[in-house]
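So the structure is just underneath, and the comments pick up after that.
First chain written, first letter: the chains are A, B, C and D, and each begins at residue 1.
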Amino acid sequence: MTDPTPTSTSTTWPWIVMAVAGLVTFVASMTVSPDAVQGQLSRIMYVHVPSAWLAYLAFIVTMAASAMYLWKRDLKWDRRAAASAEIGVVFTGMALGLGMIWAKPTWGVWWTWDARLTLTSIMFFIYLGYLALRRTTDDLDVRARRAAILGVLAVVQVPLVHFSVEWWRTLHQPATLLRPEGPEMATSMLVTLLIAVMAFTVMYVAMMFKRIELARLEDAVLIAEQASDGAVAGAAVTTPTIGRGTA
Amino acid sequence: MTSAEQWNWVLLAYGFAYVVLVLFVVSIGVRISRVRARLGDGS
Amino acid sequence: MGFFSQARLITSRDLVRERRSGEVLWVTLPFGAIALLLVPMAIGTDAPLLEQVGTGLFWAIVMLFGVLISIRQTTGETQAQRDQLALTGIDAAAIYVGRATASFVLLVIFEVVLGLVTIVLYDVPVSGWWLVPILITIVAAGLSLLGTLAASIVSTGRNAAALVPLLVAPLSIPLLIGATQALEVLDLGGSSLAWVLMMIVSTLVLAVAGVLSARPLQEI
Amino acid sequence: MGPTTQRGIRTLPPVISDEPLIHLASVSVRAGATHILRDLDLDVRAGEALGVHGANGAGKTTLLRLAATLIRPSSGSGTVLGASLNSESRYDVRHRIGYVGHVPGLYPELTLRENLEFTADAHSIDHTAVASALDMVGLGAASDRQADRCSHGMQRRAEFARVLMTTPAVLLLDEPHSALDADAVDLVDAIVERTTASGGAAVLVSHDRERVSRVADRFVEISAGGVA
């Protein structure tokens, strides 16, 4: 059930797509008019919101791929889950970092216990646990099964985590950072935000292509190592040089 | 907070995002070429 | 031999082993008590602050140290013991339920004793007396189910013992927030039913996930 | 020495089957990049005791744990007591497999009796069998001593008592004679004969060819990951 040998040529279009998506986001968010209330700071939203959105998307993809692996037992699903998890960690980390950089000038504190930001930080640690779990063994199938079961367990618990965090925060702080309750956003800002979200999603897809390629190559190395009629373990043991017959 | 100070924060945010994304993408590229070398069919 | 008698067999084995080794009662429990003792030394000992912080701190320590209780025997198992247990032919799900039940019992003891220590050290006014036993039971059930499942997911992997708490902590948040808010909302005159129900759902979900994944995890 | 009907110890129902109890067909077991076993073929028929020897690291213990259905073959196929090694059905035959590894698998905090009572309960065997099994291996007086306070040799005897009690159809012994004193060593031969006499199969991994030859019908050597 392992994959046929990976494509030999390495596609290059994903790198270009990533660069273009990044550029589009940068240009769009730099040229739009600043928010009346927040001024220039509002521009940070155009990278913070898409990264938080990507953190959610990558998380869902990882969990869906994990479930598919458990069902189909095909390692390509495991590779997709792992690729999305690693990309997810990066975007989650970025969302947290940007959230802090935005909060400091706006509210004077690095960390606002905003419900969505808190949930993003929890997902960050679930991702770290997932990636750490993948490093506990080199056996492809064992690794895939453990990761998949944790994946499904996480997707089952995360709605409850989401629920509890939401209730907990709405009890204490109604307004949320990501969807400022303030006056409706200017349409130009809303359009820019949408562009940024779409550009980030495209960047995510391109990253997935390359990261899956990497995962396939890494698995190919492991499979090649294991399939080759490598030396038999016992062969490494030879008669000791001291003892009978050598004195 | 003056507009200039605000720009500092915005540039810090974009700088941070840029560094994180570039480092990650480069790391994928490096790991791919290294594994390809090990597999023997250089891309 | 039925499923539940097999599970009971595993539970009694675990509890007898615990009674003999005393690891939970004489090591993990005092360690939790020390944590409760150290915090006031760190954040200052003015009574009103401690009184406010006490309940939340208690539940946090239960979550962080509770997981150590539920992984104690799984990660400490030798290959030979695992082999002999496998050859008894006991159903993997029964082993999971049995281990989780043993951890549940030990966790309830752990919570009750630490609860008393908290009331003494932090002079915590426990508003909902009738609610506390319910919360203690649900948290003990949820945490033992989660800890036992996480331990069997990691099983013999590299740095297994250290990894399980990392897997359990984020997933135990519904229990942590549920327990603290259920008590806190009583002070505000609200009803804690919603929180308790949420905790029960979380625990049931864990029980189902644990039992269903017992057999696939046995393959590793 | 035919199957004895000691108080409480049930005699094994005769295993009437002509196809081998243990059948391995070009089985390989890998650990990461290296092969421990490679294309190994082996059959052990009912009533047969097989001696296995080989250099250190040749894969003898892996072979035993494979036959005990505790590890799955990386490639190739096999059956033990009719259950395929690659399918879930192998869980159903596990309680009829007895495996004594070179490291005792007892719970240190439990006494020898409690360890055996746990196994007895799991096999739904009456606890009276525990006492008589421990007596048979000469541990009657030590049955209430905690396992971690017993010597390695005593723990191995306790494991043999466990096998006596559960009367497995497939008996797998890893270096059975090691750590056993003079009068206990005959215990191994008695147990093997008990199993083979009642139609079971036994595999003894050992360097002590002389001792094993007294009870083994056939010998194989494991080298280069397969049967030499």
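Here is the rule we go by: contacts are C-beta pairs under 8 Å (C-beta built on N, C-alpha and C of every residue); 3 or more make two chains touch, one makes a residue touch a chain.
It should be emphasised that the depicted structure is a prediction, and the values quoted were computed from it without experimental measurement.
Of the two chain pairs shown, A-C and A-D, the one joined by more C-beta contacts is A-C. Distances from each chain's CA mean to the overall CA mean are smallest for chain C. Farthest from subunit A, judged by the mean position of CA atoms in each chain, is D. Rounded to whole angstrom, the centroid-to-centroid distance between subunit A and subunit C, based on C-alpha atoms, equals 29 Å. Work out the mean CA point of subunit B and of subunit D, and you get 57 Å between them. A separation of 41 Å divides the Cα centre of subunit B from that of subunit C.
The mean-CA centres of subunit A and subunit D are about 48 angstrom from one another, to the nearest whole unit. Residues of subunit C found to touch two or more other chains are 219. Touching pairs of chains, sorted by label, consist of A-B, A-C, A-D, C-D. The residues of subunit C lying in touch with subunit D in their complex are 1, 6, 9, 13, 16-17, 20-21, 78-90, 215, 218-219. On the side of subunit A, the complex with subunit C involves touching residues 70, 122-123, 125-126, 128-129, 132-133, 135-137, 142, 145-146, 149-150, 152-154, 156-157, 160-161, 163-165, 167-168, 171. Against subunit A, the residues of subunit C that register as touching in their complex are 149, 153-154, 157-160, 163, 166-167, 169-171, 173-174, 177-178, 181, 185, 194-195, 198, 201-202, 205-206, 209, 213, 216-217, 219-220.
For subunit A in complex with subunit D, the residues that touch the partner chain are 138-139, 225-226, 228-237. Of all residues in subunit A, only 8-10, 15, 18, 22, 26, 39-41, 43-44, 47-48, 51, 87, 90, 93-94, 97-98, 101-102, 104-105, 203, 207, 210-211, 213-214, 217-218, 220-221, 224 touch subunit B in the complex they form.
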